[in-house]
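There are structures below to look over.
Presented sequentially are two complexes of subunit A, the first with subunit B as partner and the second with subunit C.
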Partner chain A sequence: MNFFAPFCIPFMVGAAVMAVALVLKYVLWIWHLPRADRKLLVSGIFTVQSIKAVGEVISESLLHRRIFKVNPLLGYMHASLAFGWFLLITVGWIETIAYLGFRYVPLQGHVFFKYFATCIAEHKPVFDFLMDLLLLIVLSGVALAWGKRLYSKAMGMRRTTKHVLGDRVALSALWFIFPARLVAESLTCAIYGGGGFLTGSISSFLAEHVSGSLLAALYEPSWWFYSSMLGIFFVALPFSRYMHIFTEIPLIFLRRYQLRPREKESSYDNFEIQACSRCGICLDPCQLQSELGINDVQSVYFLRDRRYNRLKLAVANNCLMCGRCEAKCPVGINLNSLRQNSRDTMRNIPDESRYGYLASLDRSQGEGRVGYFAGCMTLLTPRTLSAMERIFAAAGEDVWWADRNGGVCCGRPLKLSGETDSAKKMMRYNKELFYKHNITTLVTSCPICLRVFRDEYALRGIEVLHHSEYILRLMRQGRLKVDAAGGRFTYHDPCELGRGCGIYDQPRAVIEAVGELLEPKHTREDSLCCGASLANTVINDAQQLRIARSMSAEFEQTGASTVVTSCPLCKKTVARGSSLPVKDLSEVVAEHLA
Partner chain B sequence: MAAIDWGFSINRPRTIDIDNNNLRKSDEILREMPELQCCIGCGACTASCTAGNLTEFNFRKVHTLVRRGEYQGAYEEMNKCMLCGKCRLLCPRGINTRGVVMLIKRKLGDF
Partner chain C sequence: MKHVVVIGGGIAGMQSALSLKKRGFDVTVVEKSNRLGGKLLNWHCLFPSFTPATEVTDTLKQRIADSGVEVRLNAEVVEFDRHHVVLADGERIECDAVVLCSGFTLFDARIKEEYGYGIYDNVYTSVDIEAMLNKGRVELKNGGRPRRIAFLHCVGSRDEKVCQRHCSKVCCVTGVKQAIEMKQLFPEADVFNFYMDIRMFGPGYEEMYREAQQKYNIHFVRGRISEAAPTIDGRLQLKAEDTLTGRPLKISVDMLVLLVGMRSNDDNARFAEHSGLQCAPSGFMAPADMFLSNVASGVGGIFYAGAVTAPKSVGEVLNDGAAVAEAVTGYLG
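The block that comes next holds the complex of A and B.
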């Protein structure tokens, strides 16, 4: 049996280009991994993580479970295309084996089996049925994709990605592949017979209503068209958004081996960046989009610009890094880390002489195993500071005050703006200060500081607590008593505390000990950003205020009489946008001390 | 007779000659951050400054001099800033002060 026809050439060329490009990319990326990452990779391969990764590949790359959670219809669209096409290929493979036994069949022989199998007299209706069913499933996905272009709201998406030309070409080719296959197979069945419920019925319709000479004239061109669409798609794949189809698989494995984006750009970032399918699920959560109408800075555009080396500083800088998109990303890309290391590349200027004035500075006071780091923003909200003083006094805690008389910033703001190396100087200073005073517990009331203390400081022997955790602990230990005076509170989750550090329940437990807690519409993982995030140095004051007003409106809708938050920066910002009084968690506790 | 050191000094007479200063960089900065022109010089930024609490760093002075074309030492001074953002919260004109610091550093890195 001959497995070659001239129409196969576009497909064969496309498949070859794709294979070479993919292999080159992956080999280069792995080759350039930092040594530590390569070690993680090697030591991870023969562990249970690899088996777990296989499971995740099936559930995410094929079934797209996380997209089902965003919207079931959107999930079905992605799953029908990915899993449907995968099954079409697999069952097609089995079909060839069933007909021809175990023998070598070239790739195009599998793909265009219907074309080459016309000389086989026997028919296996099971495969005709299965292949038609799978084709129908994929076609339903294509139909939904068309529908999504017209009305994306039906799939829970207010906005969809604006695609570049290359993506549009690849997208059009992908959309044509399956209808083209249906036409080509139906025409073949109309001439040679056979076919399942789909191709079979279309072919009998064609055989009745279309003249035989026309069918014969259309036969070869239809296969040419199908093959060309496949070829175009495969050539475009490694250079367009469809690179995600294959890249998500190594990404899942590498992530299981604990590889992560670093504070400097590294080769691993390529896997994350090119695993972005530009699905646009990150667009709707973005408050810069929904409140300010800024349409070109969202994660999908940031990753695209970075991938094609045309990232602008204004785009990299214009992000609240609130993490709302990261929480929704179906691929689980570390969007904030990638943006941060992009900023590092664009802005980091190592300067050894910088912050020389930190040397021998120590304005701390008090003695105690518990240290309290107010942080710059808490020093600007003295009510929080005095509330903490009262709480410490009520609990009878001896406290070492790290920065009550002025201290050094934790370093996170500088790091967020990309000046990574300079931020390290502040981190080193504070770390040495903590060790010098022999504290065992470090309490901070600023989630921005908390985040960097936990993630970057590596404070061995010092337990780092947010004041919400600390207060709750005092209450549970019976060292702090509050009267349940009642009152209706609502709580704002600060981005750095909630999505950043995963602290949701502790502040809520503290509030519930005092009064009634009413949740706003967007809460916990889905909570809104106050708009004043230190990560954004682009938007102006009026824009910040607009975000603050719109997010504060949700608190008023809860019917609460006080908004509680546990971040000094959020407190200041929400207070600007809200007509309700806004208090820090510590103030609420200090007011209700029994 | 030697002068008595009584702990204070008098600023040396100093003129800023805007006609002779090269305002190209200053114009660029104001073009990118026009809101800086709303500054009323109240000094809230400087009063609240974390770095200013520890050093002589004076944000109001530096950006005012830069706007007048006096770039000498501005980059080094701005490098003392920790970008903590307190000034931005206090600014009565809502100037994006952190953006100003980053912009001045970007524009005046080679002065």
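The block that comes next holds the complex of A and C.
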């Protein structure tokens, strides 16, 4: 059997271009990985992680389990396209073997088997049925994709991504591939007979109603069209969002080997950036979008701009880094880390002369194994500070006060703005200060400080606690007694504490020891940002306030009489937006000390 | 006889009622507290002449008593339109026109937590100082005499961070007045004023400002205080920036006075929604126009007088009272 026809050329060229582009990309990216990342890769390959990665590839790249969690219909759409197409290829392959036995068949022979197999008299109805079923499943996915363009709300998405021209070309080709295949195969069956419940029925309809000469005239062009659509899609794939189809696979493996985006941009970032399918699931959770109508800075657009080297600082900086989109990203891309290292690239200009004052500065007070770091924002909300003083006194704790009399910033605000090297100077200063005073526990009431102490300081021998954890521990140890005076409270999860450090339960346990806790509509992993995040240096005060007002409204709806939070910045911001009194967790505890 | 209800028994309400009565209207003043006089009752004396505030309030109250204006105390208004004023107890007062004289609300200094009001000793607001002057006892918490006093201007004014963008107009000159009063009480003390701009817009104000510097040696530092913190010896340490020299500064003081601004009443939005009135972005009621109808509301039969439309000085409020009577007369004929 001859497995070549001129119409195969677009497909063959497309497939070749795609293969070369993919191999080149992946080889170059791995080649340029930082030495430490390459080490991780080599030491990870022959471990159980690789097997786990295979499982994850099946559940995520093919079945799209995480998208099912966002919305079942959206999940079905992605799974039917990805897994359906995958099965179509696999079953097609088996079909070829079933007909021809084990022999070499070129790629186009598998893909256009129906075209080449017309000379085979014997039919295997099982495969006709299976192939038609799979085609139908994929077509249903395409139909849903069309539907999503018209009415995305049906799939739980209020907004969808605005695509660039290249993506639109690839998308159009993708949409035509399967209808084109259906037409080409049906025409073939109409002329030569055969076909399953789908192609077969369409072909008998065509044979009955369309003249034989017309069928013959349409026959070759239909295969040309199918092949061209495949070719266009394959050529566009490595340069469009469809790069994600293949890139998610190495990403899953690399992530299993513990590779992550680093402080500075690195080659590994390419895997994360090009694994973005621009599905747009990150659009709806974004409060800049929903409250302020800003629609060109969300993670999908940030990754796109960075990928095509047209990222602007104003886009990189216009993000609250609240982590709401990261929590929902079906590919699990480290969106905040990538944005942060972009900012580093664009903004890291260390000013050596500015930090001379750090040498020999020590304004700390007191002595104790427990250190307390208030942080700048707690110093600006002194009710929290005085509440902590009362709590420490009530528990009989000897405290070393790191910065009550003024101290040096934890470094996270500078880090968030991209000034990594300047931040490091402050971090080094604070770290040395903590070691110098021999503390074993470091308590802070600011989640912004907490995050950087935990993630970046590497404080060996010092346990870092948020005050909510510390207070709960004191209560459980019986060192701190509160009277359950009652009262109706609602709690705001600060982004840096909740999604940032995973602390949700401790503050709630503390509140419930005092009174009743009423949850707002968005809570825990899904909680809203107050809007005043230090990470955003673009939006103005009035815009921050609009976010604060809208998110605060949820607290009023709970029927609580007091809003409690455990971040000094959130407290200040929510207080601006809410008509209810807003208190730090420590204030509530200090007011109810037994 | 046409009946006009005046909402609010402060100086704006009293002057409006008197002017309306003089023009022959039947007038009722509705006041939610148990006495007439409003916020001025708590004031000691008035800039720039140091006239005792009681001279104004007592005179107006006496005139109201003599005029035959009906006064309803302990009567809070929940809603109104041009023909009705509804009180909290459900009573509806019929009328032909309404003059809204509900004034302003003082900015709550506790919101600017970084200044420590309500947290540290010896942090006061300008209102507290007037009350202390009225009692005749200005002293530190421990009964001592302050050796160093700082005034901070624009607390709750011109501050986006607390959603108060407008200028409260009278705090600058109040700060100068109170600084002079402090210096008179404690000649040995150093008195500092931390300001953004000094706005001396009225007659005699600039002269008083000059006198404060030349005669009383009061220090003026251009720059806002960023935070206050208690020191071990019970004083307050202030961090600020002197924006004229461009340097940060730290200073310990015995007393910090916050010159709190005037913000719009929370009621305004509700009244506006019910009666079809307009609020300015600042939350104060927006008059029909800024010039020729600045006591009219844009809704026929509803008028404004006093600080319900913007922060105003005592003199300006009293002028409004006379102007609104003219406007009501034009409306009711």
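Worth pointing out:
To be clear about the criterion, the second predicted complex is superposed on the first by the 589 of 594 C-alpha atoms of A that agree within 3 Å, B and C clash if a C-alpha of one lies under 4 Å from a C-alpha of the other, contacts with A are read in each partner's own complex, and residues count from 1 in each chain.
Everything below uses one rule, namely that a residue touches a chain if its C-beta (ideal position, glycine included) is under 8 Å from a C-beta of that chain, and two chains touch if they have at least 3 such contacts.
What you see is a predicted model, and the numbers here were worked out from it, not measured in a lab.
Considered on the superposed subunit A, subunit B and subunit C are sterically incompatible, since they clash. When the two structures are aligned on the shared chain, A:417 is found in touch with subunit B, with no touch to subunit C. Ranking subunit B and subunit C by residues of subunit A touched puts B first. Once the two complexes are laid over each other on the shared chain, residue contacts for A:575 go to subunit C alone; subunit B is not touched.
Judged by the touch definition given at the top, the superposed model places A:357 against subunit B, while subunit C stays out of reach. In the superposition on chain A, A:475 makes contact with neither subunit B nor subunit C. Using the contact criterion defined above for the overlaid structures, shared-chain residue A:459 touches neither subunit B nor subunit C, since it reaches no partner. Of the two partner chains placed around the shared chain by superposition, subunit C is the only one that A:382 touches, whereas subunit B remains out of contact.
Once the two complexes are laid over each other on the shared chain, residue contacts for A:537 go to subunit B alone; subunit C is not touched.
For the contact definition in use here, the residues of subunit A common to its subunit B contact set and its subunit C contact set are 379-380, 406, 541-542, 545, 572. The touching residues of subunit B, when paired with subunit A in their complex, are 35, 48, 50, 53-55, 79-80, 82-86, 88-91, 93-96, 98-99, 102, 109. Within the complex formed with subunit C, the residues of subunit A that make contact are 379-383, 386, 404-406, 541-542, 545, 572, 575-576.
Taken in their complex, subunit C has these residues touching subunit A: 111, 113-114, 116, 119-120, 160-163, 226-227, 229, 239. Considering their complex, residues 347, 349, 351, 354-355, 357-358, 361, 376-377, 379-380, 406-409, 411, 413-414, 417, 419, 422, 426, 532, 534, 537-542, 545, 569, 572 of subunit A touch subunit B.
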